Amino acid sequence: MTFWNDPINLISEWLRGIFMGWGMAANLAMVITNIIGIFVIILFAMAIAIFLVWVERKVVARFQDRLGPNRIGPFGLFQPFADIVKLIIKEDITPEGADKLIFNMAPVISLASVILIWAVVPLASQIYGVDINVAVLYLVAAGAFGTLSVIMAGWSSNNKYALIGAFRMVATMISYEIPMVVALLIPTIIAGTMSLKEISNAQNGIWFAFLSPLGLLLFVISAIAELGRSPFDLNEAESEIVAGFHIEYTGMKFGLFYAGELLHAFTFGGFMAVFFFGGYGGFFGLEKLAAFSWLSNPFIQMVVFLIKALIGYWVIMWIKYSMPRIRIDHMLAFNWKFLTPLAFVLLMMTALLDKLLAPTNFYVSGMFISNLLFAWIVIEILRSRSKQERAHDIEHAEPVELAAHH
Amino acid sequence: MSIPLSWYLILSAALFSIGLFGVLARKNAVAILLGIELMLNAVNINLVSFWRYGNIASISGQVFAIIVFAVAAAEVAVGLALIISVYRRRTTVIANDLDLLKW
Amino acid sequence: MTPDQVIFILCAAVIVVTAIMVVTSPNLIHAALWLIATLFGVAILYALLQAGFLALVQVVIYIGAIAILFIFAVMLTRREMRDKGPQLNKNWALAAILAVLTFGGLFYILSGWSGFSGKAAEIPAGMDTLRNLGFALVSPDAYLLPFEVASILLLAALIGAIYIASASKK
Amino acid sequence: MQGQWLYIGLFLIIGIIVPIIPLLASRFLAPHKPNPIKQSTYECGIETVGESWVQFKSQYYIFALVFLVFDVETVFLFPWAITLGKLTIFAVIEGIIFILILLAGLSFAWRKGMLEWA
């Protein structure tokens, strides 16, 4: 066990040795070591969040043909710190009629629900908080607190816009949770475990993205909806309800919501990597070759994971800044009439084929081709449906009166 | 595991009694359902602690707890739908005022 | 006292206090939020009982779905009815006596039981309770039937609830 | 096993403390001069009319209802999903029957027109 192969265990053993040298009980020393480790993970996550503020502003500027922040530090890198200072010294206004305790708790729970997820994020084979055997469900459970914080913020603000925004957001989050959970069930079935580390390791040969491309698509769509980002950002539709559930929040409380949203998006990018792109590993067996054995180094793995997560985050941003907002009825109909049935049929197909094809030689190709076939069938059905609808519309269309008599 | 089974059982009995109080004493129909939730949770604590303190290899306690989750979900879904339906017709959610079915 | 016991006592205190708030809070939204705190305390108890899966199911189903449904239902009914006037009916003293009697009765019956202060055995190493649960839910000689019946129960609840809600819509 | 949950418990506590720190910093550093105009409800400058607690469309409730049932059932599928590799084809079919019963509920809601935003 050297620093380069297993840094976390080495450091924690070392710290525990020091604490026990001071005469602490073994259990207490372990708890304190864990607390230090937790602080490191959370501060690492917060550092990422600060970095993301810069990434987000720079990338959106590029998408909109602007330069973005470029005054403070090289490439505007210190802009987020200026933002933080600004947010901290801004006056904190609590609106009249607000339910103070709940109003103040909501942003904290919002950010905490995202931070909680980082307890199970497998940054590398040896660098992670904890590897529980129900981690996939843990992810969903942490999301439940996110929903809760939204409804608390919307209700306690004593503002119509906030309440409408909260209702829309909660409706989105809970509706799209179903396809997301089903999309999470697919890697769970293929890997046969809910531990994120084992799911990552199961993809050493082949990424699950190739075994279930439709599962990946489902996960991306429902993750964006869970985040409440465009095209599902009708919870904060600026033109109607200004900012949605966090309209009455000022200063650092708004900052917490904002940091939570960015970190949540990045975390989902990370989970996209874990569930479908091999997580910290997934080099298609390359790391077994002697020349590439350095790929198994935890630090390299962590860099690989962060790059994959950043790519996932970039995709989420790309979609956000290219898509128009959709209406709430369309959004819910899209989920319940299309995504949910699709997700369940896909789940049944995956479970059946996983069982039938596992002993055969064409497991990978069979899974991939079946997904493509399924996608083709769905597209054909949709095409014929829309043709029928269009024909129906044309038949029942009322003739348009010519309005002008110039 | 240094906690005796009795602690869990007493806690669950207390939770059950509090829920019972809620069911009997609250005016509002939604609040009565909240009391029922507390009682169902008390039952679940019992089931899981009996699993843990009884035969661990047999998973019955956990399966029962899961079935109780399903029952709770079904109860909430139908109960709240009924309350909202009654509210639309009578614009009240006070249980005592819901006296259509007198005979 | 061992750390386990300290955690249990803290958790039990939270559960009891928040449960009392649930049944007495005049504001129904607050009651629903207190209920969430109670449910979270129960989830911690499950984790303490080494039933991690159930702890997460508790959070996902109760906090993520049932509590949200409660809050929606409260918001759909008008405000005046919730916040004004006493929220307890006139029989509340009787109800309180009955609740205390129930607790006393349960305590009395339980304390006479031989297994009352039983200790838990260690979970044997290598036993995966989660996988056992999965096997139990799908093997025909265990709990296959309850598993499928639960699904039918939920289907019935869905149909019933939707029927009631749609009948009142017109 | 229990150590893992202890770790998550600690994570939860620290995860709540960390967001509170900047809020406390802001409490000491930020000015605090409330006045009625500042504290009034923000509605783009227009005077607030009526209560903020408006009557909501019951459709939100219907979707929450459908969600509740589906959430419970998908959570039940997790123990099934992780044991699938060690089970026979029979168990897979049981799971599929479970899902089909679930989809029957969805199709009922669809037929009843409860998924329309009417």
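A, B, C and D are the chain letters, set down in written order, and residue numbers restart from 1 in every chain.
We adopt the following convention: a contact is a pair of C-beta atoms (placed from the backbone, for glycine too) under 8 Å apart; a residue touches a chain by one contact, two chains touch by 3 or more.
Predicted model only: the values in this text are computed from it and were never measured.
Among the other chains, the CA centroid farthest from that of chain A is the one of B. Of all chains present, the one whose mean CA position sits nearest the global mean of protein CA atoms is D.
Two chain pairs, C-D and A-C, are compared here, and C-D has more C-beta pairs in contact (counted per touch definition above). A separation of 18 Å divides the Cα centre of chain C from that of chain D.
Averaged Cα coordinates give chain A a centre that lies 29 Å from the centre of chain C. Note: centroid distance chain B to chain D, computed from Cα atoms, is 21 Å.
Chain B and chain C have CA centres that are 6 Å apart.
For chain C, residues that reach two or more other chains under the stated contact definition are 48, 50, 52-53, 57, 60-61, 64-66, 68-69, 72-73, 75-76, 78, 123, 130, 133, 137, 150, 154, 157-158, 161-162, 165, 169. Shown for chain A are the residues that touch two or more other chains, namely 132, 134, 137-138, 140, 163, 167, 170, 174, 177, 194. Residues of chain D in contact with at least two other chains: 4-5, 8, 53, 56, 58, 60-61, 64-69, 71-72, 75-76, 78, 81-83, 86, 95, 102, 109. Taken together, the touching pairs give a contact graph of some other shape, not a line, ring, star or complete one. Every pair of chains that touch is listed here: A-C, A-D, B-C, B-D, C-D. Every residue of chain D that touches chain A in the complex is listed here, in rising order: 4-8, 10-12, 14-16, 18-20, 22-23, 25-27, 29-34, 36, 38-44, 48, 52-54, 56, 60, 63-64, 66-67, 70-71, 74-75, 77-78, 81-86, 89, 92, 95-96, 99-100, 102-103, 106, 109-110, 115-117. The part of chain D that touches chain B in the complex is made up of residues 58, 61, 65, 68-69, 71-72, 75-76.
Interface residues of chain A, counted against chain C in their complex, comprise 27, 102, 132-134, 137-138, 140-141, 143-145, 147-148, 151-152, 155, 163, 167, 170, 174, 177, 194.
Of all the residues in chain B, the ones that touch chain C in their complex are 1-11, 13-22, 24-28, 30-31, 33-35, 37-38, 41, 44-45, 48-49, 51-53, 56-57, 59-60, 62-63, 65-67, 69-78, 80-85, 87-89, 91-96.
On the chain D side of its complex with chain C, the touching residues are 1-2, 4-5, 8-9, 51, 53, 55-56, 58, 60-62, 64-69, 71-73, 75-76, 78-83, 86-87, 91, 94-95, 97-98, 101-102, 104-105, 108-109, 112-114.
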